[in-house]
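Naming follows writing order (A, B, C and D), and every chain is counted from residue 1.
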Amino acid sequence: MSVDMRTYLAHVELINPITTAAGCASSGKELAQFFDLNRIGALATHSITMAPRAGRPTPRVAETPSGMLNAIGLQGPGIEAFLERDLPWLSQRSVRTIVSIAGGTVNEYGTLARRLADAPGVTAVEVNLACPNIEDRGRVFARDGAASAEVISSVRALMRYDVPVVAKLSPDVADIVAIARACVDGGADALSMINTPLGMSIDTETLRPSLAAVTGGLSGPAVRPLAVRCVWQVHAALPGVPIIGVGGVLTGRDAFELVLAGACAVGVGTALFHDPYACLRVLRELEELLQARGFQRLADAVGLAHRPPGSVSRHRTDPAPGQGASNMEESPL
Amino acid sequence: METPVTPVQVTGTVLTTRRVEAYHALTVVAPGIAERFRPGHFVAVAVGGPQTSMLTRRAFSVHDVKPDYGGTVEFVFTVRGPGTSWLAGRRARDTLDLVGPLGRPFPLPRDPVSCLLVGGEYGSATLFGLADALQQRDCRVDFLLGGASEDRVFGALRARRMGVTTTLTTEDGSLGLRGTVTDALPGVITDTRADVVYACGPMDMLRGVTAVSVEFDIPVQVAVEEAMACGFGMCMTCVLPVIGDDGVTRMVRACVEGPVFRGERVRFDDVGTIPFDALGAPGAPGHSGARHVS
Amino acid sequence: MSVDMRTYLAHVELINPITTAAGCASSGKELAQFFDLNRIGALATHSITMAPRAGRPTPRVAETPSGMLNAIGLQGPGIEAFLERDLPWLSQRSVRTIVSIAGGTVNEYGTLARRLADAPGVTAVEVNLACPNIEDRGRVFARDGAASAEVISSVRALMRYDVPVVAKLSPDVADIVAIARACVDGGADALSMINTPLGMSIDTETLRPSLAAVTGGLSGPAVRPLAVRCVWQVHAALPGVPIIGVGGVLTGRDAFELVLAGACAVGVGTALFHDPYACLRVLRELEELLQARGFQRLADAVGLAHRPPGSVSRHRTDPAPGQGASNMEESPL
Amino acid sequence: METPVTPVQVTGTVLTTRRVEAYHALTVVAPGIAERFRPGHFVAVAVGGPQTSMLTRRAFSVHDVKPDYGGTVEFVFTVRGPGTSWLAGRRARDTLDLVGPLGRPFPLPRDPVSCLLVGGEYGSATLFGLADALQQRDCRVDFLLGGASEDRVFGALRARRMGVTTTLTTEDGSLGLRGTVTDALPGVITDTRADVVYACGPMDMLRGVTAVSVEFDIPVQVAVEEAMACGFGMCMTCVLPVIGDDGVTRMVRACVEGPVFRGERVRFDDVGTIPFDALGAPGAPGHSGARHVS
């Protein structure tokens, strides 16, 4: 018997929990060479900015143990070209699309939301908060609860009511729960975590930083323990909020780990560079793992590791709570 | 330009391993890749085996495809870091995970023109498939191959067999002319009356080859090598500034828009930078304030 | 010609930059089975607490990609037993010893410093700030500049003036430079970074957290990019402050990376569990790398990656600035 | 108790690999370890090769040492996770990095007493070296070995050759008595008039074997298995609550204070916890407020 893999981002149903991670599947066309994008829960775009951006100079990537550093610098064609070319391409194919947006001011995020508000084919908007706030001496939004909340409420106010707004959080903060709470209070319908923590490597031949941009974001399996911890902490504190777990997912086991920690959807990023079929493989492996453990529905596994030991029933048949069951932490069992 | 083909992922068996001068060559059974191959394509190879700490694939030009076992692919490489040193340890019957064929292949001339194929170090590897295809179109093919020293000039023998003429250069003078292929290029163009130049090798060499070709006013196609993380267009690692048909410079991906470009379109002097006049360059009109921290 | 590997923690000379990382060489006796502890720059003890501590329940460790999570819980015999038994054992053998201390209140850290003040054989005191402040609802000192500074100044005030006080910082903060600055302002003579960021993993067989303590500290090569980035940022902001770089060092190359980022000493932690000779091997490999690149002195490499490209002279012969040359960022060249 | 020997690190060549029922056995040339070996010792093996993502060593009891090639060490293992599955792929002539010998070996009786050796699954592997040593001291040796099923009972043949009697148990009844070694233990102690019991196997089994031995009032030495990260006492991963000579419970390291303990000293029911009366337990008088976040 197959497992019911459906999940919800707020009220929006996804056929399964696997999404691409923002910025790791370019505009979608490249990935579509390998498989039909409708087979995954959703495709997250790279972060769309107002103007076209050439990004950072090369080298942009450095391999690190079980991970990589990147400083792409949000290269992209800008919102107009995105709306004219990339989004229609996706929406014509009915690809469920999470549009990631990035800005340098609260206003810019708002303007992006307004431009997206009447575009067809936007399944959800993900707000990439890992951008420096040029109005606050370049302090990164994601490291400041108040600034994050301001961005989210501006986006929430300007985006169509039926499109969920997802706040994408970074792990390099002292208290991820505080930031998550601020975003939810600001109107976030869901959270996505983690974005890449800031890292660096130095080339011991040239004696210079490996990346042209000096520092870069660390991704890949190396950061998975940080992602699991963030998802766990936030799900414990805010059990009703849907979480897209992202960070170091290579296999179905890894996705399952994030689900057990509290994620109702799972983003696959760096793994796509290694294996263009990673999303489908992770989906299949996750389903097999759930099946092998007697789960009938993905929803029943969300946050399950929070239950006290011994209380885990592997063969639930009772109906799960309405909203994607991400609040199972509170359910009795 | 040729349109890209759909790449596939293949877990193939290593058929043979051999040393070729300073290089290693691996032949892998990979029918899906072999059948789609056109000259200029490359493959992206997973390294390190299960539980490895190395996540990114390594890119290698396809040196040869053969019909044996449904289709084999050979690539030639030099040991640089941990990934290539792992590859050097592969033995026959091991399996290898390849994605390919990747990139835009070399465009082929419609008419039987005279083609000069210029290769530096292992860059020569990609030229033999090209030479084949050109000769099938009755093109004249000449070779100009170079390297730091004799053992680093790849494919001299095969070039001698295939080319009308073959010129070799080494920086230390251990084989052929002392110097670089760029030094020898004007003479060879003149001697072979080349109508078009194809080149693959280090960036510096491609810059030089392009400059000379432009001086001679003959078209030049270069296959560039930029550090890559995916090889199929998703990560935006491998960009370099290239001038489009509209005269606008864009940061384009070497893995999907390239690796083959018209030489004069590549802004070699600006590789590793974002030229101020590139589309979306910082400070350019309308450039967004947004900056991702990474 | 051999490289001059001497380095300084404030005014204290170490014969070479390699130390063990706190908590990764137990009391030193175990490591001494493999080699003479005098051959390394210094041995850092596990963090010493006032009372004996049994630590956390097992499982205490989980392997993660290129790293591991640990929740040992500062198991140890307490300061009295340490002063009676472990410290004398080390000092009789003239092992340069960095004593790590951990407390739950500012007072407790102070008391530990006072107890150490007249003990012979203390080369430096390292203050492990990654402990919850029981007077501030368990908020971790290291995540709060003011609390960290308070601890450091209390320790500095009570410790013998000629024993450097090293503040050990954690990376999971929004602004490592602010914390570093607070510690230096509070009187820290040197900084050690990074301690382990908080991570977690879940056992997908038991569907429960892998660690009994649920969360644990992530260490090993996976975190090296975070360590390099922290050392880089702090060295750029506070070029005169000696830094012990710690985090994911497996090889001489890795140590060199931290040195180039600005560390004048390098701690080896998790690698010791894999290779008990790791300190000696890293030292030898680092020396070989320096030699191969024409360095005559380790000090000349400290922070070298900060120089603008092209300005790096590989064959310096000019005398370096006094204090271990960790302020080379500012030197002209 | 025996005093520990100094461990060494050895990069040895794999001499032979073989399957023994459900288990894999690897023999590695490691003279430094072989010459120091005493029964009960274990080795810590690096897994995954260069650039692996697996950092922690894997612990395995030494099954056998032989004088060939200066000294070889054999260990027997079952594939559990990625480390052991990597080990299962080793072939002769590969190299393997071992640290050993580690841990406190089994204490040997001074007099020629009757010894019952109880093993569960691969836990039996450590008992044959012990049997040898005991027989050299003219001790009588009997075996009681068990496992889930026939193919998981390790060393039945060798036990039959060495032991005065050998009793086998399987949970599914596919070999010997149906049940566990603990079920069979009272009968075997009576039959063999055992003066002392040695046991190695899963914690549950050791708990049962200890309980029975205590009932019979005979000394029992158990070799425990706790998850380890280093194997030589530095990381504090492998602790379990053990009662000291002074009656105080301490969290002691299985890798250096063990793996062999007197059974009745191990607080089996409290393994995986910090008993409230352990030295330094939270809440215990004088317990420090300090808590490391990790």
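Here is the rule we use: a contact is a pair of C-beta atoms (placed from the backbone, for glycine too) under 8 Å apart; a residue touches a chain by one contact, two chains touch by 3 or more.
Fair warning: this is a prediction, and the values are worked out from it, not measured in the lab.
Steps from chain B to chain D, taking the shortest chain of touch contacts, total 1.
A count of C-beta contacts for the chain pairs A-D and A-B puts A-B on top.
Separating the CA-averaged centres of chain A and chain C is a span of 34 Å. Each chain gets one centre point, the mean of its Cα atoms, and the points for chain B and chain C are 45 Å apart.
Annotation: 35 Å between the Cα-based centres of chain A and chain B.
In chain D, the residues that reach two or more other chains under the touch definition are 53-54.
Among all residues of chain C, those that touch two or more other chains are 65-67, 69, 140, 198, 215, 218, 220-221. If each chain is drawn as a node and touching chains are joined, the picture has every node linked to every other.
Of all the residues in chain C, the ones that touch chain A in their complex are 64-67, 69, 140, 143-144, 171-175, 197-202, 204, 206-209, 214-215, 218, 220-226, 228-229, 232, 248, 253, 256-257, 260-261, 289, 293, 304-305, 309, 312. Residue ranges of chain D in contact with chain C, taken from their complex: 6-7, 9, 46, 53-57, 99, 226-227, 229-230, 232-240, 250-251, 256, 271-274, 278-282, 284, 286-294.
Touching chain C in their complex are the following residues of chain B: 53.
Against chain D, the residues of chain C that register as touching in their complex are 23-26, 30-31, 33-34, 46-47, 49-61, 63, 65-78, 102-105, 108, 128, 130-132, 134, 140, 142, 170, 196, 198, 212-213, 215-218, 220-221, 270, 272-277. Residues of chain A touching chain D in their complex: 65-66, 221.
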